[in-house]
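Each of the two complexes below includes chain A, the first together with chain B, the second together with chain C.
Right, the complex of A and B next:
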C-alpha cells in the first residue's frame, strides 16, 4: 500500500471514527487540536487506526502520533517491515 | 439594578512536596484543574432566580485581578469551596469596604454560616431556590436580612425549579459544561462535603428538564464535553435507563460520577456505552472491605468491595473508562495501604485513578467526629482542604507516615510507564469492541 492509499484509508477511518469530515485537515495539522479531541478520544482514534491497519503503536510514544503525516509514516514503515 | 455573581472554585495543593510532584506528574492534578475550570452551576441558578428587570453579571475569580479596581455592582454574590473561602472572605471584605453589600453562599457557607456572616451582609444556606427571590426583593426595599435559608427538598419541582442561565457562559473558553441531574446521595458517606449536606433527601430532576438544560448548556460552546455535576447519577436505575435513552440522540461525549452498583445492571451499562458516556468516576475509597467499615452508615461500600474488580471490568469492557477514586488515611488504614492500593490499581486496569487524602471538611460528620476525638491538627485549616493535604492525626499511622506514603503512591501511580499501561489497556478494550 503506497502513502497516498494509506492516507486515503486513514482519512476514511478517522472520518468514520470521529464522525467528522477530515478533508480540510492538512497532513501536518495537529489532529488533537483540529478535531478538539480529549485524551480518551485520542486513544480511541489510535485504537481505530491500529485495528484498521493491523499495527501497534509503541506504548511510550502514543502521544506522538498527532498528525496524519506521522500516522502515514508509521503505517508505511510497519507495513514494509511486515513484508 | 446590577448584581455581580462571582464564582471561586479553584483547588490547589498547599504542601510544597506535593506541588512539586504535581509539576512532574501532570495527571496528578488533572482532575483538580478540571474542577477549577467548570462553570458554577449554583450561580447560574442564582442568575435564573433573579427577576428579569435586574441585570446579572457572571464572573469567575480569574476575571478578578486583585491589583485592579473592583468592578462595582449594586449587590455582589460570591460562592466558594472551603479551600478558597479565605480568598472569598477577603474579596467580600473589599467589596463591603467599597460600600457594596455582599451575599455569600455555597457549600462551605451553608455548613459554617456564623463564620461566613462575619464577612457578608447576608448569607444563603442550602441551595438558592426558595431564598434568592425574596432576598432580592428585600434588598430592593432596603431590608436585607442577615440569613436566608433555601429549600432542602422540592428544588426540582416548579415553581422552585429554574433553568440555569447557561447563556451567561457564551463566549467564555470552556471545554466542559455542566448540568446537574440530582442533588444529594443516599449513601451518606461520613466524609462527603457535597450536595447531600444541603438536601434533606436524594432529589432527582425530571428527565425533560435535564435534556432541556443539556441542550442549552452545550449550545454555548463549539466542542462540548458534558460533565454531570452529580454526586451519584445512577442510584435510581430505572431513571438512569430512561435518561440514557433520552441523551443518546444528542450525540455527546460526557462524564459523570456514580457508585459501583452501576455495574449491576447490564442493560444500563449497554445504554451507557451507546450514549456517548466516556468516563464514570466511582468512589472506591479503599481496595479492601475491612478498611471501609463506618465509611457510610449502612456499610454499603464495605459490602460491595469484594466485587470491585469484576465491576470495573464489566464497565470498562463496554468502552466506558472508570476513574477510580481512593481515599488514603481512613481509620482502618495502616502503612501497608499504599502498596495495597498500588497493586489494586495495576490489577484493575483502571484508566484513570484519583488518589486523595481523607479530608475533614468543616461541618461534615467526619469533621465533628475528629474534632470530638481531638484529632484535628489545627482548629482552622480551610485553605488546606485540598484533598491532598493532611489535616488530622490518622488512626493507624503517623501524620508523617501518611504524607510519605501518599508521595510514594503518587509517584508509583502517576508516572509515565503506569499511565502508558493504563492507556494501552483502554485501547485494547476499544479495539475488542470494534
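Right, the complex of A and C next:
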C-alpha cells in the first residue's frame, strides 16, 4: 500500500470513527487539537487505526501519533517490515 | 479469610499467602507485553529484599516513601516492601502533573521515593527526599533478605491522596487494620479462587483498584494481570488471551465491549449497520423488548467467542449510575457489580450484583460497616475500615467527623433490606431561584431519550446568583444539534414534575467529562461553561 492509499484509507477510517469530516485537515495538523479530542477519544482513534491496519503502536510513544503524517509514516514502515 | 482476619499487617498477609500459594502466579503482565510475572513466593522474596534495602538507608519507622510507578507486577511488590520496612507508603497515580506530585511529596514530607526508570532524573526534586530507588533496584535479586519491621494493626500503612481537582491535596491516613478490615468485609460477600484472573485496568494507586483489583484477588490466590497499555482495543485482546475472569471496569472497556456487541448484532441482522450510532439506551431497550431469547443466546455466544469467554464479572464504579449498562453486559453473559466507596473507608462500603439490587441501589452494606443518616440526609459511616483522619490537617479531620462518624458528603438512605442508595452529592446541590434545593440525580432520570447518547444536569449561574438546573446533552450519533434535541427536551420537560424541570438544554460535542471510574464531573462541566460565558 503506498502512502497516498494509506492516507485515503486513514482519512476514511478516522472520519467514520469520529463522525467528523477530515477533508480540511492537513497532513501536519494536530488531530487532537483540530478534532477537539479528549484523551480517551484520542486513544479510541488509535485503537481504530490499529484494528484497521493490523499494526501495533509502541505504548510509550502513543502521545506522538497526533498528525496524519506521523500515522501514515508509522503504518508504511510497519507494513514494509511485515513483508 | 482466616488469614486476612489474623494478619496484623499487609506484608504479614503476603507472607502467609506465599506459604499457601508458593509458585502459583500472583502478578503478571498481559500476554502480549512479554514482561515477566511474579509467583506468590517471588513476590514475598521481593518484598523482603526491598524492605532490607530501604532499611539500609536509615529511614525510620513511620517515615513516608512515595511510590510513583507504572502499573506492573513490581508495583505491589514495591508497595509491600515499603510497608515491610515499617515505612508509610504514599502511592501516587502515574501521569499526574509534576506540580501535583511535588505538592504531595511536600505535604507528606516524603523522605524516600520508589519509581520507574525515571526515578533518579525526572521525578520531583523535593528537599525532604533523601533516597531514590527504581523499582528494579529495590527488588533486584541478591542482597540480604532480612526480617522486616513488625507492624501492628494500628500502624499507618499508607497515605492515600484523594483525587479530584482540589487545590490542596488531602492525605487520608489508612492503617493496616483499616485496609485488612475492608478486605475481610469484602471477602465475606465476594470470593475469588485460584485460577481466576483479574485484569487491573485502573491505576494501581487508585484505592478502589488496590482493594478490589489487586489485594482482594491476591488474598484469594487468584492472579492479577496488568494490561501494560492504554489502548482500549488491547484490553479486549487481553480479556481473550489472558483468560480474564474479573475486572474493575473503566468506560473505555465498556465501550469496547459494547462495540463487540454491536458488531454481533449487526452480523446477526438484528440492527441495521447504519444504526450503529444509536444511543446505548436504545440498544438496551431493543435487547430488552425486541430480541427473542433464542437470538439473544446466539448473540451472547458470538460476543463471548470474540472476548474469549472467560469474563464473568465487571465491577462498575461511577458508571453504574447509568442503568443502561447492566442489561448490555447481561446480554453478553457478564454480571455487573455495582458498589459505593470512598477513600476514607478503605474504600469499599457496599457492593451487589446489578440484577440482585433494586433500581438505583448501589448494593448492600459490607459487614461491619455502620451507617447513620445525619443532617441534610447526609450519609455517615463508622466501622473498622474508616480512617482516623487526614495527615497533617486537623481542621479537615474535625470537619469530616461528627461524634465519631465519618461525614461522606453524600446524601443517602438504606432500605429495610440493607440496600444503600446514594441520592446526591451534597456539594452538587443546586439552589434554584425559587429557593428550593434540588440534586442533579433527581432531575436526570426524567430526561432519558433515544436521541441523547449521554446527558447530565449541572447548574448555570443566573444573574441573581442562583442555580439554573441545565441539561447538558451529547446527541446520539446521527442526531444533529438543534431542533431535534430541542424538541425532545421540551417534550421531556413538559412530562417532568414541575420541580424537576430543567431550565435549558445545551448540546455538547464532546463526551461528558468523567473521572477515571466513570463518574460524571458535573461541577467541572458547570464551571467550564460558566467561565466560558463570563469570558464572552
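In this section, the second predicted complex is superposed on the first by the 83 of 83 C-alpha atoms of A that agree within 3 Å, B and C clash if a C-alpha of one lies under 4 Å from a C-alpha of the other, contacts with A are read in each partner's own complex, and residues count from 1 in each chain.
Convention: a contact is a pair of C-beta atoms (placed from the backbone, for glycine too) under 8 Å apart; a residue touches a chain by one contact, two chains touch by 3 or more.
Note that the coordinates shown come from a computational prediction; the quantities given were computed from them, not determined experimentally.
Undergrad: Check whether A:46 is in contact with chain B, with chain C, with both or with neither, and answer first, second, both or neither.
TA: Both partners, chain B and chain C.
Undergrad: Contacts for A:27 in the overlay, against chain B (first) and chain C (second): which applies, first, second, both or neither?
TA: neither
Undergrad: Classify the contacts of A:1 with the two partner chains as first (chain B alone), second (chain C alone), both, or neither.
TA: In the superposed model, A:1 contacts neither chain B nor chain C.
Undergrad: What part of chain A is shared between its chain B contacts and its chain C contacts?
TA: 19, 36, 38, 40-41, 43-44, 46-48, 50-51, 59, 62
Undergrad: Help me check something: in the complex, which residues belonging to chain B touch chain A?
TA: 175, 222-223, 225, 251, 253, 278-279, 319, 321, 351, 416-417, 420-421, 423-424, 426-428, 430-431, 434
Undergrad: Using the touch rule from the top, collect the residues of chain A that touch chain B in their complex.
TA: Going through chain A, the ones touching chain B are 19, 36, 38, 40-41, 43-44, 46-48, 50-51, 59-60, 62.
Undergrad: Of all residues in chain C, which touch chain A in the complex?
TA: The contact residues of chain C facing chain A are 228-234, 251-252, 255-256, 277, 477, 509-511, 513.
Undergrad: Within their complex, state which residues of chain A touch chain C.
TA: Interface residues on chain A, with respect to chain C: 19, 36, 38, 40-41, 43-44, 46-48, 50-51, 57, 59, 62.
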